[in-house]
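Next, two complexes with chain A in common: one pairs it with chain B, the other with chain C.
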Partner chain A sequence: MSDKSDNQRSWGRRKVVRALGALPLGIILASQLSWAAPATSTGQAVTDDTVTVGILHSLTGTMAISETGAQEAEKLAIKQINESGGILGRQIKIIQEDGASDWPTFAEKSRKLLVNDKVAAVFGCWTSASRKAALPVFEKENGLLYYPTFYEGLEQSKNVIYTGQEATQQILDGLNWVAKEKGAKTFYLIGSDYIWPRTSMKIARKHIENVLGGKVVGEEYKPLGDTQFGSVINKIRLKKPDVIYAAVVGGSNVAWFKQLKAAGINSKKQTLLTISVTEDEVLGIGGENLEGFYSIMKYFQSQDNPNNVAFVKAFKEMWGDDSVIGDVTQAAYLGPWLWKAAVEKAGTFDVDAVVKASEEGDIELTTAPEGYVKLHPNHHLWSKARVGMWKKDGQAEVVYTSELIEPDPFPEGYQ
Partner chain B sequence: MSFVYEKLFGDKKGLIGFCILAALILVVFPVMLDSFRLNLVGKYLTYAFAAVSLVLLWGYGGTLSLGQGIFFGIGGYAMAMFLKLEASSPENTAIQSTPGIPDFMDWNQITELPLFWMPFHSFSFTLFAVLVVPTIFAYIIGAAMFKRRVGGVYFAIITQVVSVILTVLIVGQQGLTGGINGITDLRTLNGWDITSDSAKTLFYFINCFLLLAVIIASRFILTSKFGRILLAMRDKEDRVRFSGYDVANFKIFIFCFAAMISAIGGAMFTLQVGFMSPSFVGIVPSIEMVIFAAIGGRMSLIGAVYGTLLINFGKTAFSESFPELWLFLMGGLFIAVVMFFPNGLAGLWEDYGHHLTKRLDFIKNLFSKSKSAADAIELKGSKS
Partner chain C sequence: MGGYSYDELGAIFAMQGFAGISLFSVLLLMALGLAIIFGQMGVINMAHGEFMAAGAYTTYLISTLTETYIPAFMPYYFVFSIAAAFLVAGTLGYLAEFILIRHLYKRPLDTLLATWGLSLIMQQSYRSIFGAREVSPTLPEWLMGAYPATDMIDIPINGMFVLGLTIFTTLAVFYLMFKSSWGLRVRATTQNRVMAGAVGINTKKVDRYTFALGCGIAGMAGAAFTTIASTGPTTGTLYIVDTFMVVVFGGAASLFGTIASAFSIAQAQSILEFFISGSMAKVFTLLTLVIILMFKPEGLFASKVRR
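What follows is the complex of A and B.
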């Protein structure tokens, strides 16, 4: 292009415009070049005064609405850790990647964070599918993942710390509570059709039939994203169960609860217990559609303890007064703190040493917003289950709190 | 030699383009990129199989398929089933209620390996299935559609519907297919660790050679008499029919061939990425494959590869640098390419390629003939 004289006549507007069009290509090429640069050191991305971690959640796509809270909480925790002096005298630097609600992308970005950026830990994933996609990468590259979502269990990887509840922690105490408080004998199970609801329902059914001596009068699964619950609602009317036990996820929830209400099924006539609705979902469903129904979680924003009051205040200061905090958001907040405790105990960022320190069963957080948690050698947390009753304003009133429950990802007799 | 030139590469220009591509993926990338990035490029290149198949089907055949993900997925799943069975040996799965079956079956209370999984214990059957199952499936769809003279937008919609049906089927039958999680945690191939860097590098080269072979085979089809009939059908289908050709059979053939190519890509994808999930079967990936072909230039086999690479490089680079804005940048990239290079990247080469050769001539003149620059310009001006 230097020898303009060569074909000056033809350098009209079209060509300039075309050259502009080539700009994005240039940007891409330039960024490709930077790929070739070798990583800064052979080990992890740890210098004398910084340590780098990764955050890997969906910022785009259908899961973004759910995962935003989690990554906000992780950033808040990291900010607070940095303000209190960092970890082993080092400030934490964050590299954020977008999983884009696409499971293969989670695997690709995990590999990028571990191999290219050599991060010391990753806080991320939300759905089981994204975790399952990323897991082989973490095991192969010996990374460390803090996974915040309540999930189906049946997994215990050396390279993952699970900061949410596994299925039995969430389910069993809630069922006991509803059987005792409401005298429930018959249950209708409904969930979205994928691994987490199916496993959860399997555990629930065994517990209802074998322990509570109750009866499951119906079990139904709807495809993810389905919005037609008419036939299920008709069956429920026919069977008249004491309790509807629900694990409907994502956007389907909105249709499910609105159609229930439209069919005249409300909390005055029917007990409904769900294991898939947190404050985040209620934002979409609307508190008035849920009023009086129950959720079992380990955390509710309305919990009244000094840890939680401080956490909610700090969260709203950082992310705005409108933000709500759900169960997973709180569990995500625990991740960096648990990592800090394990690293300080191990005295190094080395993954093997941090995992070993975590597995000794004495890492605890007395400052957790949910109250108190302790890390079990099986990589899951000791935590309490809580039943919350939803109110019109989208907050829940905690009506039951269990004792600390031991995590049991491979429950005997429930498989 | 003329056979090689004309039948396999098109012409001299085609040969040059082919050599540049081969040099790029076989030499430049492996030298420039570390193993992680090379593996990423390997993943992108598996999508290029589908893009190349769309050049045949859509660019030359005039039949837009919005369901190439179906065949990519079938190929990928076939390979994943074999690898999963190997990973689910009774020793590896001792913790399950039923050892020896894939973990997701155990979670779904399945106690026996389903019949259709049985043959996938054999590697040779798997390779056979990767090639043949999608072809048969394409034959069924193709015969049902083309024999009834369903084409154009209706065909596109039907392929899209089939891809949705297949996704729903896979997600719904999670005990048999792994559901929305897909088939994950694949580690070895006949005992050989496929997650190691050396295995990934080897797969990258196998992938490249297969892709180049597919391009040559496609070029052979396009330069043959069949290719001309294909073009004729695209431009005036009735005229070809009235000339006595059975249009439907030609369309079925190219659809089956395109399906087979896509399936090879799918199988290579599973090998390199280590899992397969329904997110490669549905509408979105299928449309993305069309975008790859469109960006590359839908009349250019080699352009399709560049289109795939550009879009995926862009995706990765933008989302790494601007995780919150990258979708907008991708949108901008699409708009820019479509607005300014309506014929795709291949069109860019067509438009500017000769400038490059001219400039080379110009420089040659400058040096070899020691003429003044002004003379040279005049000389070139008179040439063109």
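What follows is the complex of A and C.
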């Protein structure tokens, strides 16, 4: 009973808000030239000279390892945008919240950022689990989330812009490359046991069996955080695959590569391709344990183009010489810039207008460290896939770069 | 198993056997310190994993310092870092007992809460001091890689190292507990605290050193595990469940039970894992444990302490 009346009340309120929202929108459009929009025109934390955004990553807990780089990159981008004059003449202010590696906390903090702080956009989340937890909040409160991680696809929310690659962008070209370059026919798939590795492996298996005409000789998932790989390594030894295809994450990742090396499996004897190792992970694994193995990513720190050289320099100036930049860190850096482009195109911070501007498919960044990216109407980025070979010093040498790949979050024939 | 020669199967069998023994030594090394504290003192030390992390971070620190200041010492530092890890974790344990635990001996369940709080404090300290990212010490070359026993058999050197360390530590603990006069005092205190006090044993001192010893062994374990995995602020939580599983299954107050339990869990886990997937192997191992504990709630080897 009370449910129903609650529903009706919130429906009514929403309609009113929407109606109110439409009014100032007209005013903004009319006054675009001077950008002198009324201070709180969109119900967001926008004043005449500032606009507030949220950053929502885990600063504590097990995911802090991975998410540190992402929030550092977002702050760098925002600093650079502010130095170049801000957005629509406004300086960006940041409210940072800690997701604490706990998925319900991500939802709660999202609500806090959107409802209490009324931020114009949020840059954040890392794991698929945290995104899935925060998603209903963003959809209900009509917020805007820029999500930086490469992920399993099968999602396209109006309220999210995905700046990392979806699974097919990352996986297919890398598999083609290893089949062609290494003549690989047999594959052993191993990953951590949760949604991203399992979905990615499903796509990989379909591609290997149906497109490449190869064979999957083993598929294995280890519980998250497991550090014992002895038995799996023996199984792999027995199957003698041409390629080990790995998506092991977190602390397990380090154990996996250390134990591979300890078991005498190295790049001289075995081709290994992984979709879960970036420069960040190499810090923990140690370059000497990875030497000669391959990663498929869209970005490597060693990329030698002017955009990236400037980006790496600025990043190290802000966060220290020891810092490394991985794929997700770079994708996180794109978030604020993509938002800036969309806001300036829309001429307002209003979420609906910014999303609409983003969906027209012509927002591009020629200054992206990875080279060039373009926003597809399906909220994902056109981007290239690259294969990097790891060196002892923890950097990768890019040995293959694909063409610009169209994002396809719902790939036909791969589900 | 069609298509494989006998040589190959033999090699796999040998290496799989070693994988099991290697897992056994890891589990035992983790559980020894906890078994001493839990078994002898009845304190449920939830911060056990964090004392392991303390040892691992000590190793990392020493590795970094050695690399910067005396690179020529690199091949040998690891042995010293294990001793240092023992001392650092032991000292931390000594302090923890002095400041926190000794006030709670009469409230065993509160020690559970207090040590859990301690573990959170330690985790956050690691995060503040060493950063949230995982670190790995640079290991000496001789520790990495494999020893090719035959053409087809590769035995991981770090596995052998951990095995050796475990055997050494176990023997040392047994000597301390059952042959030294200090061990006699510990056992006396465990069996009857009031009586032990009456015959002139300083039971408070015994408690403090027992706790410190348990934590020190945890530190050694942490140092040894840097060869197989990485170190982060929350590394300890990865091990704590397995550690408790070994101690509880073995029977809380029995060191021999701990060994037997580590051995059976490790063999079950690694043999199952060879035939079914890793997650399912864990499920079956845990299910078996639950069923056995339902019939033998005291664990494999119940203590024969008079209550």
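Everything below uses one rule, namely that the second predicted complex is superposed on the first by the 373 of 415 C-alpha atoms of A that agree within 3 Å, B and C clash if a C-alpha of one lies under 4 Å from a C-alpha of the other, contacts with A are read in each partner's own complex, and residues count from 1 in each chain.
In this section, contacts are C-beta pairs under 8 Å (C-beta built on N, C-alpha and C of every residue); 3 or more make two chains touch, one makes a residue touch a chain.
Computed from a predicted model, the values in this text were never measured in an experiment.
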- Query: Who does A:59 touch here: chain B (first), chain C (second), both, or neither?
  - Reply: both
- Where does A:223 make contact in the superposed view: on chain B (first), on chain C (second), on both, or on neither? both
- Query: Between chain B (first) and chain C (second), which, if any, makes contact with A:410: first, second, both or neither?
  - Reply: first
- Task: Compare chain B and chain C by how many residues of chain A each one touches, and report the one with more.
- Result: B
- Message: In the overlaid three-chain picture, which partner chain does A:237 touch, first (chain B) or second (chain C), both, or neither?
- Response: second
- Query: Between chain B (first) and chain C (second), which does A:193 come into contact with in this model arrangement: first, second, both, or neither?
  - Reply: both
- Task: State whether A:258 touches chain B only (first), chain C only (second), both chains, or neither.
- Result: second
- Query: If you lay the two complexes on top of each other, which residues of chain A touch chain B in one and chain C in the other?
  - Reply: 59-60, 193, 223
- Show which residues of chain B lie in contact with chain A when the two form their complex. 32-37, 39-40, 43, 95, 97, 103-104, 106-109, 168, 171-172, 174, 179-182, 184-187, 195, 273-275, 277, 279-280, 310, 313-314, 316-317, 319-321, 323-324, 326-327, 329, 332-333, 336-337, 339-341, 355, 359, 362, 377, 380
- Message: Applying the document's contact rule, which stretches of chain A touch chain B when the two form their complex?
- Response: 3, 5-7, 17-18, 20-25, 27-28, 31-32, 35-36, 38, 59-60, 96-98, 100, 102-104, 107-108, 111-112, 115-116, 128-129, 132-133, 135-136, 140, 152, 154, 193-195, 198-199, 202, 223-224, 410, 415
- chain C touches which residues of chain A in the complex? 59-62, 64-65, 68, 193, 220-223, 225-228, 230-235, 237-238, 251, 254-255, 258-259, 261-264, 280, 283-286, 288-289
- Note on the structure: In the complex, the residues of chain C that touch chain A are 4, 8, 12, 15-16, 18-20, 22-23, 26, 124, 127, 131-136, 138, 144-146, 148, 154, 156-159, 225, 227-230, 232-235, 237-238, 269-271, 273-274, 277-279, 281-282
